[in-house]
Structure formats: structure tokens, C-alpha cells
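Right after this note come the structures.
Two complexes come next, and they have one chain in common, chain A, joined by chain B in the first and chain C in the second.
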Partner chain A sequence: MESDKAKLLPFYLVIDVSASMSGSKLEQANQIMPKVVDALADAPILSDKVRFGVIDFGSDAQVRLPLCDLLDDEVTLPALNVRGATSYAAAFRLLRAELESNVKQLKADGFQVHRPAVFFISDGEPTDRDEEWRAAFRDLTENFPIYPNLVPCGVDDANPRTLATLIHPASGPKAMRMYLMEQGQNPADAIAMIAEILISSMLASGQSMAQGNSGLILPAQQDLPSGISAYSSDDFV
Partner chain B sequence: MGASTREHEESAGSAEPAAAPAWRGRVEQFEVGDPGRAATRVVPVPDESAWDRRDTVLDGVALKDGGRRVVAELRAASVRGLAHRAYGTVRQDEYGYRRTPDGRYLVVGVADGVSAGALSHKAAVAAARRGVNMLVHALRTTAPDRMPWPDFLRAVAAEIEAIGRKRLAATGTADPHAVPLREVANLLATTVLYAVVDLVPVAGAHEVHLVSVGDTSAWVLREGGRWEPQQAVKNDGAEVHSSSVQALPLLPAALPPPVRTTVAPGEALVLVTDGVGDPLGHGAGAVGRFLAEVWAAPPASGLEFAAQVGFARRSYDDDRTAVALWPVAGT
Partner chain C sequence: MSGHVVGLGEVGPLGELLGEGGQAKVYRAPAAALPDVPGPLVYKQYKAGHAPPHGLAAVVARRLRMDEPTRRRLDRTAAWPVRAVEEAGQVRGVLVPLIPDDYFEDRVKPSGARARTLREVQHLFIDPARAARLGMPAPTAAERVLVCRDLASAVHLLHRNDLVIGDLNPKNAVFRLTDRPCVMLVDCDSIRIKGAAAVVRQLNAPDWEPPERVLSQASDRYKFGLFVLRCLSPGPFASIARDPSRLDAVLPGEGPRLLRDALGPTPERRPTAQEWGRYFDSVLTEAVAARRAAAPATSGGGTSGWRRDPKTRRWVPVT
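Let's turn to the complex of A and B:
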């Protein structure tokens, strides 16, 4: 019976752990999860509704933290390590499979699930063939009812033109944005700033939900930490 | 201070039976399933733009016939939601109730101010309190089954619109009357549900007339704990969750026809905003069972009723309002 449904807000972090991410970038990447935990611990209204999951990708993609309530006592945060190349195709395929099974399960458990939000962080170009990762991206975003709100974030050698094509939805009233490290910025610091953006959008989305709205709220350009810029999909052609 | 302590020790040491404790009692949270973290961890903060808006209001009264006999028990509570407490926003729900001077009818209004409007609580107050007053006035000359409901709702909408335009004028809008009604509604809007209950029963049952705009809902809790909705349940059969609601001062193109039902001793008429209606769903879940149990008979006090309305259940953090009426059998 369609009765008594609690609302959930799923967030995913999909993060590049290819060889180039080693060193201080990886250290900052490993700080994202504890920072999200700290933010949720101070936001009980939000933490009752947020589910968080982590997928990392190198030559392959792996679910490192299955979608969960981060403040649950049983949750152990994984340690990210670098491995191999940069397969966007593997990341998109695994993300699609996770979205499908997670949302199906949550609905079966009686929840009303908001559209999942995905922060996709990369420091380089995909190493798969172009048509391969693009096909995987289409499977994730087209004719897929559980398509995510996808927010690409680029640091270091990530190609803005490539990442801009991952913004989804790219247009319309609920269009997403891309966040890019500015030239000359320290890429490890940029990852820390992206973590801030993820957390502030989580908090803003929770507050907006409390005002009767739905959808992912992203920070405006003037609220961004310096060293990071926001772009919409038509900023790059 | 020292003397009284000594006296206390002396009496405690004596062989007399222990005196009854000087005080007793407790306040305890009602919880349904997982209460969530918000129920205990939210730090409530005031809305600094509306100091005179109360967090919680409640009532518990008996309505008597001309003599000493109780005809019905009424309990009502409007409780600020956890999210509004956490983010420092006023309670946007409101209720009102009033009996006609001849004692014949009880009129109840329940309103839920639309979240996005900064002054929606004022719309809710106007609809629930002023609206009930207007309805009581109209009932002096018009029986409920002959009430021109569209005209009445238009009059309530006009009250709300006037509050909005007055505020626009006060905040420097040059020509507030040129502002489109839709923009006024962005400032303040509210759902509303009115019930007119005939306090004179026919064959033991009280006739009830219900009229609503938006998703504030009316239920009759039938014997055996069965929740009977008096209109379609929100989002029933809908593909996607929708948060758009009908709300005054905008009038829906077609007003839903008034609903007539009856409520008898052993049953309760329950009017709720969606803060209660959403977790109640179809009434068959955990919240439905909880409220059916604690409201099988009128709770002892308005305070107890308010505590029940404010039950903790994970992720349900909206304002909550309920007005319930239990007819009492004649002797």
C-alpha cells in the first residue's frame, strides 16, 4: 500500500583514483568522506534524509561505500588508493547499475526517493575510446528514469570541454553546473574546495526541501571558494 | 537552608512510613518507529522576523448542550515542525474553531501556509481564524447545506489578498493594487479546510459538511481504528511526488464540491494538515495505527493531544496540525 512514505535524498561521490591522483590529491580525496560525516553530524534534519555512496574508478570502477546513512554506527569509511588508468566508461556503467538497484531497494523499503545527485571528480582525460565512454554516458542519462543530477568537477589536467559534456541535465530549469579548478591553483586544495561545494549543496538542498521544494541546489558563483569556478554546459562549445 | 536539610534528614531517619514524594510526572516524546536524529538533536531557534508567533498552540475542551450534558470533546494542536525549528522559521500552520451563538454548529478551520511564501503564516491565520468567524456569521442566516461555498471561499481569498497588498504597500511597492494576484500569492498563500458539524445529532449521528482548497485533509476515525478519508489521498496514483498545491488567495478553476459525512459516538472527526496527513498516508501504516490507538477516545488533555500530534518519526519534520472531535453519546 502506498502509505506513509519517508523522503530520501541520495548523494554519490564518483571519484577518479587513476595513477595521476597519487600524493596530496589522494590525501585530500580521502578527507572528503570524514568532512561530509562532520557536516551531517551538525545537521540532524538533513542527516535523517541523506544517503551517501562512493564509487572510485581507475582502470575499473568499484563501489567503495555502498549507499548508506553515513552516521550509522556500522559504517566504516573506506581508504581510497590509486589504481591504473582513467575509465569513465567503467565509472558510468557501475554508477548506472548502482542507481538502479539502490533506488529500487529504497522504494521497496517504502521510501520516497528524490533524484540522486552525483559529484563526479576527475583530474584527467578518459583513457577509454571516445565512443565507448560516450555510449556509457548516454545509457546513464538518456531513457533512464533514474538518471542522476550530475555535477562534474575537474582539477589539474581534466579537460573542461570533455567535462562540460557530462553536466546533466545540461539545460532547462533544473540544469546542473560544472566546477573547475582555476589555472595555477594547487589541485589538492581544489579537491578540498570541491568537498566544500558538495557539502554546501547538500545543506542547501536539505533546507530547500524543508521549504517544500525538491531538487539539487548548487552554490552560486559568488559563494564559491576562490580558486574554483562554476560553468554551465553552454560555456564550452 | 541548613536547617531544612537537617529536618529532612531527621524525618528520613525516623521509623515512620516514607512520605509521598513531593512531586511526580514527566514529559516524554511519542515515537513511531525510528524517531530519527532530528527529534532529539535539533536545536530550536526563533524566527527573528516574527517574535509573536507561537511555536505550539493547543486546546482541549468539552462542548455542552444547553444544560450540563457534554455533546462532544474537542482536542486541537498546531505544532511547529522540526525543520522550521532548526532553520528558524515560524509555524505556518494554523487552526481555528468557534461555535455558532445558537449553539447548533461547531465550525473548524485548518490551514497550512505554503512554505515558499514569507508571510504564509498570516494567510493561514486569516483562513483558519477569520474564515471560521466569517462562516459562523454566515450560518446565522444560511444552513450549511445551502451555503454558497464558492462565494464564501472568494471572500476568504479576498481577506488574504488584502493582507498581501497591504504588506506590499508597507514595503514600498508604488502601486500595490497593480501587482498581479499570482505575485501576491508568492508572498502569502495557504491551503484551508473547513468543517461545519451539526451538534444536534440525527439518529445518534452528527452531520458534517467539509470544504477544502488544497491538501489539508479530513478523516473519520471509524470504530475498530479504521481511517476513512473524506477526499482523495494526496499523490494517489501519481507517478512522481508533487509538491505543488492549490492555495488561497488563488482560487482553483473548479472548486471541489463540499463533502458530507457523519460522525457518531465511538468515532472521531479528524482534520489535519499534510504534516500529519503525509505520514498518515492511507492510515494503514504505523502512524495510522498509532493515532487510531491513542485517539480511540479523547486524550485526557490538550497537552497530551499536542504531544501525540508532535510524534517523532524519522524524516517527518513538517509543521503539524490536527483538530479532532469526539461526539459523546446522550444518556
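Let's turn to the complex of A and C:
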């Protein structure tokens, strides 16, 4: 008899909590997790498909919600708080370690694992030295078999040119995209819109996973909330 | 007369937007009224490029040709397209009866937000304790059998009328438990008439693919088997389960064999919806008889399955 071996999509939110995120931006950031839970509560069979985890980063990076089934009774959602600078390097290093250990764990538990998806939200420039965070990014995306599908999202003072270099894969049939707040948009609202994109991407990806695609489906251009634009890696040179 | 088509003008001004999917938007149509549809109507407006190329009129016409009792039965069973809506000779949308209130759940979501949620059958496949925590009903085993029984009769009605459901999936059937447990098929666009092409291409939802490529009444019977399997063994990964042995200890009598045949690769061996219906009737009748015989004083509560009583050899609910 055919086994009922499940395929899971690990889905991560990596979010900037540097000092500049305080105030209404942080409030909206704290709304993301409850919104994701509510969306799953409307489509609860997606718990057979998707696992969700949260890493935040300021001067350092921390796992705030270890990869889990968000509808599990045991799950407690953490409150995000601001702390210090903007270390992309710390975020990438911790993310790499988490991907490695989480995927190993899921496989040991008998699951097939889709390529992990990461929404990376930032409102500013990295405060690390350039070569430091770029080296950490290379470790995450090159010669690392479980490299993630990485979707950078920028609000407020995030530098589009910097963020565009984080789109991964940057080209090819499974190229990812970047989401940017449009000029003049309220950054807190933009975070709420990015949460919408994250959720619709998670729902679409979970629902279509059995069809053997890359495991991450991003919303079509015409379905994006107004105030956010999508870019591919070659839109910024 | 082409009574199955109305002009966009006859739909009148649209009301509230009720839902939006990739292919269409659904609005209330408070000004639209039809002699053959007693309740309110909604207008499903296809997005540009998503209007069905053909066949919609035939699906609409099939309903209008039914005798009145059958049509009423169909209307209770499915949110059927009742008129195609055209503008300048092009299909723009379709009028469909509004899904009745008792298929919606007023609930509080985990964040505390209040919501009115269509009770999609996917909620039957998850752990009942989790469903309850998410503000959705957690039916008993007996209620689940009644739900399966009702879906069997729905599938039988459509098959008897030469229709192919095609894309039976966790989102396009909804259930209620009040009154008498019932299932209603919604989103009926992908239904086709046997021997004709589908209105929109018939697709399989992920995890609902039958072994064969072409969708027919036989693949409907396969998907019905998956529904029974997943509805009667709710819990983690039930929504992707295919192994009929999950129900060996749950289904009495012929059930495990019916389920193996339903999920097998040989389309001709899959039980019809009518056979399933008779089977569930016998399960329910025996369960009631056994309960009366075994414990006349107890009130009907939840059961988690059936077992054979060693003395009477009757199937009795496990309490």
C-alpha cells in the first residue's frame, strides 16, 4: 500500500527589529504572526503542508519562533521588540544554521522537505561591514544544498539596490522577487501589506505543493496590494 | 427560447462582494430574481480571460430540463449555475443561488477576530480537538457517517443525471450538522455532462489525483473514497492520506473492502455512490438498533467507531 509520507514546506519570516523599527512599524510587525495563524485557521489542512518559523535581528539574531505547526496547541507567539543595529550578517548566519538543523530534523522524522522559503523584511541598510554580510550571504546561498528561496522585502529606508542583491535565486525559471514599499507609502501599512503577500504566498504554495513545483509561489503582479511593487533582480543595476 | 441565458442588464445592480478567487469575483445580486429559484442569487463574474469557452449553457440547461422534484433536490445538493449571463454575445458570468446560512459558522479566530466562515469540508479532516479550538464544529463519528451518507446521495444524484463532478476537493464542498447533517457542492463550474467537454478544464486538486489521467464518474468514485477515508480518520496528515487500512478498525462489515476497491487502480471495481449509500444506511441502522438493544437508557452521545459485540455479533458504537 502506498505510504502517506508527507512533504513539508518550511516557511521563515526573518525580520529586522533594529532601533528604527520602533513605533507603528513594530506594532505592524507584531501583527504578522497572529494574521498568519488566522489564515491557517481558515485553511487548516495546510498544517499537513507548511511549517513556520521566525527569526528577528538587530545587533544580533535570535530564533523567536522555532519552526513549528502554527496551529499546534502548544505554540506561543513571541512579542517582537527592538534592539540595536541592523546586522544582516547575524541574520544570515543564524538562518543558515536553522535551515540546516531544521531540515535535518524533519527528514529524520520521516518527512520529505521542500526547499525552504524565506521572507526577509528590513527597513534599513545593514550596519555590518559590507564584506562581512556579503560573505554570510554567500554561505547561505552558494554551495549550500538547502539554500532558501529568498524574498527580500523593503520598507522605509531600505536600500533597493542592496535588497535586490538578496533575491535568490536571482535568475532562471525559479527566480524569486523583491517587494518594495512605494514612495510616499506609510511604512507601517507597508509591513501589513507585506504580511498579506507572505500569507497569500504561503497559502498558494501549500495548496499547490503536491504538483511538484519549487514550493514557493508568489502572488501575481495584479494581485499585489497597492502601495507595494514587485521587482526582479535585474530591475536594479 | 434560450431561457438559460440572461443579459447582464437583467442581473441588475450588484451588492456586496462576497468572495474573490483567481478566476472570478462573487457578488450579491439583490435585484435578480428567477421563477425557478426561490432564494437570493449571487453573480459570479469571471475575470478577463477566465470566462468558460463553452459548455456552460449546457450545464445550466440540464438543470432546467429536470422535473421539479429532481431540480429541487439538485438545488439542495449543489450551488448550481442557474443562468449564464451574457453581454454582447459573450459569457461574462453566471447566476448561482446564495449558499444558505446554515453552511456558515460564526466563530472567533485564534487572534480573537470574529468571522463568518464557510464550513468547507477540509475542516472535517483535521483533528476534532483542533477544529474545536479554531472555532469550528468537531462532529462525532456518527455525524461523520451521516455526512458521508449525504455526500454519497449527492454524488449519486449527479451521476444518475449523467453528470461528472470532476474536481471534488476540500474547498468545494461545504457541510452543516444542524437539522440533518448535509453536504452541498459549491463552485460547480467544473462539473460536466457525461459525453461532453467540461465548461472549464477539469482538474485535480493536489492530493486528490486519481490513478488515471482522465476524469470521469469513475474518478469521482475514487475521490469519494478519499473523502470517506479522510473524513472518518481525521487528524494529522489525514488530508493527504491514501491508505485504506486507516479505516480497518473504524468501518464495520463491508466497509474496508469497499474502501480498498474505491481507492484501487481499477476504475470498474470502484463502488458506486449508491452502493456506498446503502452501506452507510446499514451501518447507521445497525448502530441505532445496537444502541437500543445494548443501552436503552443512554442518550446518544459521540462515538469514536464501531466494534463487533462478541455476544450478539452486532456492530455497536464504541463509547
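Keep this in mind: the second predicted complex is superposed on the first by the 228 of 237 C-alpha atoms of A that agree within 3 Å, B and C clash if a C-alpha of one lies under 4 Å from a C-alpha of the other, contacts with A are read in each partner's own complex, and residues count from 1 in each chain.
Everything below uses one rule, namely that contacts are C-beta pairs under 8 Å (C-beta built on N, C-alpha and C of every residue); 3 or more make two chains touch, one makes a residue touch a chain.
The structure presented is a predicted model; accordingly, all values stated were derived computationally and were not measured.
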{"item": "Touching partner for A:S47 - first (chain B), second (chain C), both, neither", "value": "both"}
{"item": "Contacts of A:D73 with chain B and chain C, given as first, second, both or neither", "value": "second"}
{"item": "Partner chain in contact with A:K35 - chain B first, chain C second, else both or neither", "value": "second"}
{"item": "Touched partner set for A:C153, first chain B, second chain C, both or neither", "value": "neither"}
{"item": "First, second, both or neither for A:A6, with chain B first and chain C second", "value": "both"}
{"item": "Touching partner for A:Q207 - first (chain B), second (chain C), both, neither", "value": "both"}
{"item": "Intersection of the chain A residues that touch chain B with those that touch chain C", "value": "1-4, 6, 44-45, 47-48, 71, 207, 210-211"}
{"item": "Chain A residues within the chain C interface of the complex", "value": "1-4, 6, 34-35, 37-38, 41-45, 47-48, 71, 73, 207-211"}
{"item": "Residues of chain A that touch chain B when the two form their complex", "value": "1-8, 44-45, 47-49, 71, 112, 207, 210-214"}
{"item": "Chain C residues touching chain A - in the complex, by the definition given at the top", "value": "109-111, 113, 115, 117, 122-123, 125-126, 129-131, 133-136, 170, 205-207, 209, 236-245"}
{"item": "Chain B to chain A touching residues, read off their complex", "value": "36-38, 40-42, 81-84, 86-87, 89, 114-116, 235-236, 241, 243, 278-288, 313-317"}
